[in-house]
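In what comes next, subunit A is part of two complexes: it sits with subunit B in the first one and with subunit C in the second one.
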Partner chain A sequence: MAGCSDRTELDDSTLITITGMDLADNGKLAVTGMVLDFNEESPSQEILLSSTGKTLRENRSLLSSKIGGEFLSGKLQIVIVSKRLLKAERLLPHLDVAYRDPKISNSALIVACDCSVNKLMDTKRSSQPILTEYIRKLIETGHASEITVRSTMQHFHYMETEEGITSSISEIKPVGKELAVVGTMLLGSDGKYAAHLSKEESMLLLLLKKQFTSPASFTTSIQDENHNKANVSLDINKAKVKVKTGYEEGNFVFRIHLPVVAEVVELEGDFRVGADKNQIEALLKEKLEEACRALIAKLQMNRVDPIGYGLHARAFDYGHWKEVRSDWGKAFAEADVKVSVTVAIDSFGVME
Partner chain B sequence: MTDQVGQLPTGIAEMQAALQQQFAGVSDFILKTARLKCNGQPVLYAYLGVSVDEDKLIREVVQPLVLEADDMEQVRSLLESVQGGQLDRWEDILRGMWGGNALMYMDKEPIAYLLDTSSWPSPQIKEPENESSLKGARSGFTESNPTNLALLRHHLPGEQFVQKQIRTGPGGKIRVTMVYLPDKATPESVELLLDRINKIEVPSVLSMGELAEQLEDNSYSLFPQFLLTERPDVAAIGIAEGKIALLMGHSSQVLLAPMAFLSFFMSVDDRSMRWPVVTFFRLLRFVGLLIAIFLPSVYIATVSFHYEIIPIDLVLSVGKSLERVPVPPILEAFFMEFILEMLREASLRLPPKVGQSVGIVGGIVIGQAAVEAGIVSNVMVIVVALTAIASFIQPNQDMAAAVRLLRFPFMIAAYLMGMIGIVIGFMVLVCHIASMQSLRMPFGSPLFPIRLGKWSSVLARLPIGGFRRRKDSER
Partner chain C sequence: MGAPKQQLSHKQYIFYIYKTQIGIGVLVLPNTLSKMAGNSGWISLLLGWMIATAAGYFIIQVMKRHPGRTFAEVLQDVLGKWIGRAVMTAWIAYAAIAVGVVLFMEVIIIQVWILRNMEQLLLIAAIMIPVFMITRNRLQVQGRYVEFVYLYTLWMPPLLFFSLKDSHVLNLLPIAGDGLLPILYGIKPTLIPFLGFETAYMLYPHLQDKTKAFRGLLIANSLALIIFMTVVVTSTMYFSSEELRTFIWPTMQLLKTITLPFIERFEIVFLSYYIILVTQTLCAYLFFTANGIKDLFGLQDHAKLILPLLVLLLAAAAILKPTLEGMEATNAWYDIVSIGMGYAFPLLFWGLWQARKLGERVLR
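Up next, the complex of A and B:
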């Protein structure tokens, strides 16, 4: 309960906005923190602090010893984790303190990076807003344009503790002087790094997860009548995902049906828009199915299920689910997953 | 003088001596004698010059008596036609003369005649300055009771209202006129108000506000329980709705009772403007009420306890702005609020031409210099300015003053306990309003006790329903 003793004047406190976690060379946890700088005279608006210790909490004490003011995590926006740490250790136990302390914001985004965290946070950027805002906007807009997932701390906890789903977090990387979203990182059932999805694959993942915000764009190439390659871009406006769950010959069976309503926004090649509509739809269906199948195959190969078919398995066939619940990733890898797509084009744009 | 309390002296010489002794120190006391035409009997008339229409007295009374009346019958009937009363008690005579009547006394008569010839300076009807409105009436109450009553009748044509003259206070020096519609006002309220007026024990009441304090239910509350208005249209609307109006001869304000909390947030313009506009303005006033009470305290609670609720973009600029300020936000807020209240009070006291310079000094000193000197933060200036604007949009000055004062306890509560303190304060406030009464009618009505059916008409203004469809024959 708030009381006189709880008072923390804003200008006397040090607000940490980004926590970066990396594996130090000695096997300890290297933590980089970005705190807001309220000093009006200083040119930068943020201060970068770093320390190395056993746990996040210990590092917090180390960080706070480097700067005056009360150290507060209530406005934590982003948690950046390096691929190196994710490959070596499970992330969830490291974050325990953040879940246990109610004052730490659970709406912070979890982001993976394919480089040293310290290097990423220390990147001298050409004029940009404060790093916190920059990364957050990067992820939010990346998620809105379907090139990565968006996982908050709270959602990450769900994905890690839920048996029927494995975690997926957004991934960024410094590119030159800027940062860029490069796709999605998948963690396995053991909570460690399992696979990387490109931006295109991330779009399909979001589509299958029913997390997409329309329009989702999809670009592929089809062959026209003269067997010339023609590039085509779709804006997927509506899509449903229907999953039928079954069990055959010791394996789970998932029949995924994906009716898609799309708008053609770019169409090269020699097509007559009106007459060839069915033909184009059929060609696109094939391409989409192919892409989905490739994605599922990749997931199965890496024994991860970021879409959450385990939830379907548990809901529809609890008996068999019980047998495999301890290692759903493996069971999903052996499952028979078939994807069928129907494409309905509702518009070819304003030009005939 | 003490022996003169009871019976009148008999004989014109004794009367003259007694009066001259009584009004020894009064410079405008005039005493004259004359003889009646009919029988040459001496008469004495006396009055206080400034409060008597001498012209009328001479023309209507003295001249006919001295020059025209042929016998005593005519004299009596003439005196009776202009009299304010026949009196045989000395103290009544004195009160009458101080009240503007002339005294006429005939030799050997046991009684004296009070002649109603009073003439007080009657002020012009002016536009009410402190309660301006866009579309309301352009005339305001004056400091003359007959004018005020006439204004009321003018605004309520054809209504037969009860108009009671009440004398109260020790010695009956307080004169109040009570006006209401007998078929609309609740008899209990009328009775209660009469009872309270009769129980007034202070010897004199100068202003309506003073009278209201004598009559209200809860004299410890911050909130006004009666509406004081200078506008005849507001008073007329109130009377038509069943409220009781109190008028005092020398006050340009009229008291309306009983009142409810929410009716203080209505303006007379609400009736003459389009209903969607009025609804919007009314909601604006309620939002303004919340801002005026809570904004500084919510700001203090936020920067002292709940920094989490500030968006990340804002937290940086607020933090930077606070960093320069050496004092905690509560002191900053008190400092600014005090200066603002001082400015407001100063501009009230100064003549209008000088008053403008107060605004300039205040604007520059507070708005810029204090921020640049690092005494207060930018955000606090915005908060205080917003609060001030929000309290200025309230249509009723008494309520606006209460609201302005209310925010100080809320700021302290916010500094001590953050949002929880504000919530506790809010609960106390709601309990207080819910428990208040105005003439034993619930002050919080219709919010508490809950009368859902009336909410829409109080919080918003809906169009006047039931447009009568004209019959074809009437077209």
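Up next, the complex of A and C:
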């Protein structure tokens, strides 16, 4: 049939599942591709290829010349980008081919790594699961336990093109013979590397972004005026984020209220949850507020707004927003952000 | 005169207009609208709906005073024999070009999104087969087909709600932040997708219950409004304003984000069913053309005209070799023509009809 003359046989095709992007020493783009191998006789299920060229598309042609079969990028699962590239250049223009081609699924995850991409993908892992699945699971479970964000190509495009928000992507790193999620990487309004958030900070980021899947765990140590000490672990089950937007003395003002409903899952120390509940709640409130303030201060210092307060500014004070829309990162850095938290403990297990 | 042989029930009439309106516009509207009106496009859409309904009102007002007369006859009654015929010829040309524009645009979309390497003419010919088989029948059969299309594509609009989990309600604010002017400019792109109600000129003589003609048109317009509103609001909430301006088919992009554990690129499934949806738009305008020619020349049957018309269209495709760029240039002027035919003409024609009626009364 005429319609089937250009069909693609799975056996004859080469599916690229991971694209790694790094900065080569000559300033060109170094691309590493992980390719699924359908040949029954080959020992591994994946083949690692690398090349260096001007653009992603040119590299694709170079990669495909190194392996037989029709080269297909429609099943792309993961895009890994090195910190080195993110520091030097804006990522979005490099990915143009992936957004322009309707055949490429935009659900691939974007991951940053704090080492060279080649090293990461070539790490000899102690167990040998398929790397694509391995990284995907790492990010999915990392996101579910609130230690990193989960950004797909589609999200990334949104964050980069939206004026009122800056990008945040998950970050991984080889640790010994394994890979591990180390937190979140933040990009500035110029699209280049701006800051790194630890796993704990990532949790708060997700909380403020309203992107957490309950329960989100938070561990801290509390101390009252009588020097009673304790380490507390919380499971945050419900949290709302209420943002009030204002404008005072030339700067935006954001008042963030965060009512948290949490469960005490661990309490080692001098307190009794039953008797000291109100006191513990008050101490936890302070700790959470402190942590949130520290996070916001860090974001402002680096002039990034991964939470998207720019959307609030635009929605509620369009007149003033228009003056700062071209450089929202700077305007956010000068904004007055106040965080207040209330903690309500709704359960503490089977012990007082 | 006697009642025309071809009859359309009230429900069929509503779906006929409604499914004619859902065509290419639903895929491009968020893009064209946001270029003009930013995030307040939904207000322009409401205004567009009002204008479309008003135009529909004028159509019915004129037609209901000439029951049993076809559009070509009413034109000749009001405007005189020769001007009436000239205007009818313009309408036939307008509808014939509409078939071409919609068909070529659909084929280009299919080529971009699914069948990259398929021969264009083959695709056009393939789409023409069902269009031919439906349109050569009586209007009653076409009415049944529309009911089928309605039921068969009922599941499609709710798919848009998949995007809601990643959407940003704040994108809809501020309402009319840039003032009234962009909203007014935004009305123009909303008028195009509502086109389809002007087929009421041709349908009116064939209605079973003519008293409900305007009500049916209002319902059809409102059903279309619900679809367009869903598309515009969900895409405004999902995309950044820059994305809305750069994605040519935001609705497709929105569907692309649907990923289920067992299927990715859901827009392919969507587009396959969308072909069925567009056949109705094609059938309606093709029937308008064929039926118009039949009435104009007093022929017995429209069925014999369908095949020559489609062959002409295929020849046009072979000569013109439509491209996306070329179609955008064509749309630029054809949009203006359509607004003239669909919106300005009903008002003008109603005005002339009123003037003539007044004149007759004075003379008497």
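Throughout what follows, the second predicted complex is superposed on the first by the 341 of 352 C-alpha atoms of A that agree within 3 Å, B and C clash if a C-alpha of one lies under 4 Å from a C-alpha of the other, contacts with A are read in each partner's own complex, and residues count from 1 in each chain.
The criterion applied here is as follows: contacts are C-beta pairs under 8 Å (C-beta built on N, C-alpha and C of every residue); 3 or more make two chains touch, one makes a residue touch a chain.
Owing to the predicted nature of the structure, the values given are computational and were not obtained by experimental measurement.
In the superposition on chain A, A:36 makes contact with subunit B only, while subunit C stays out of contact range.
Of the two partner chains, subunit C is the only one touched by A:315; subunit B is not.
By the touch criterion defined above, A:10 lies against subunit B but remains apart from subunit C after alignment on the C-alpha atoms of chain A.
Shared-chain residue A:105: touches subunit B and subunit C both.
In the superposed model, A:250 makes contact with neither subunit B nor subunit C. By the touch criterion defined above, A:133 lies against subunit B but remains apart from subunit C after alignment on the C-alpha atoms of chain A.
With both structures placed on the common chain, the touch criterion links A:27 to neither subunit B nor subunit C. Comparing the two complexes, residues 2-3, 6, 74, 105 of subunit A contact subunit B in one case and subunit C in the other.
Touching subunit C in their complex are the following residues of subunit A: 2-3, 6, 74, 102-103, 105-107, 154-155, 157-158, 161-163, 308, 311-312, 314-316, 318. Interface of subunit A with subunit B (complex): residues 1-4, 6-11, 13, 15, 17, 36, 38-40, 45, 72, 74-75, 77, 105, 130, 132-133, 136.
Residues of subunit B touching subunit A in their complex: 303-308, 310, 312-313, 315-316, 318-320, 322-325, 328-329, 415-420.
Residues 112-113, 115-119, 122, 166, 168, 170-171, 173-174, 177, 238-243, 246, 252, 256-257, 259, 264-265, 267 of subunit C are the ones touching subunit A in the complex.
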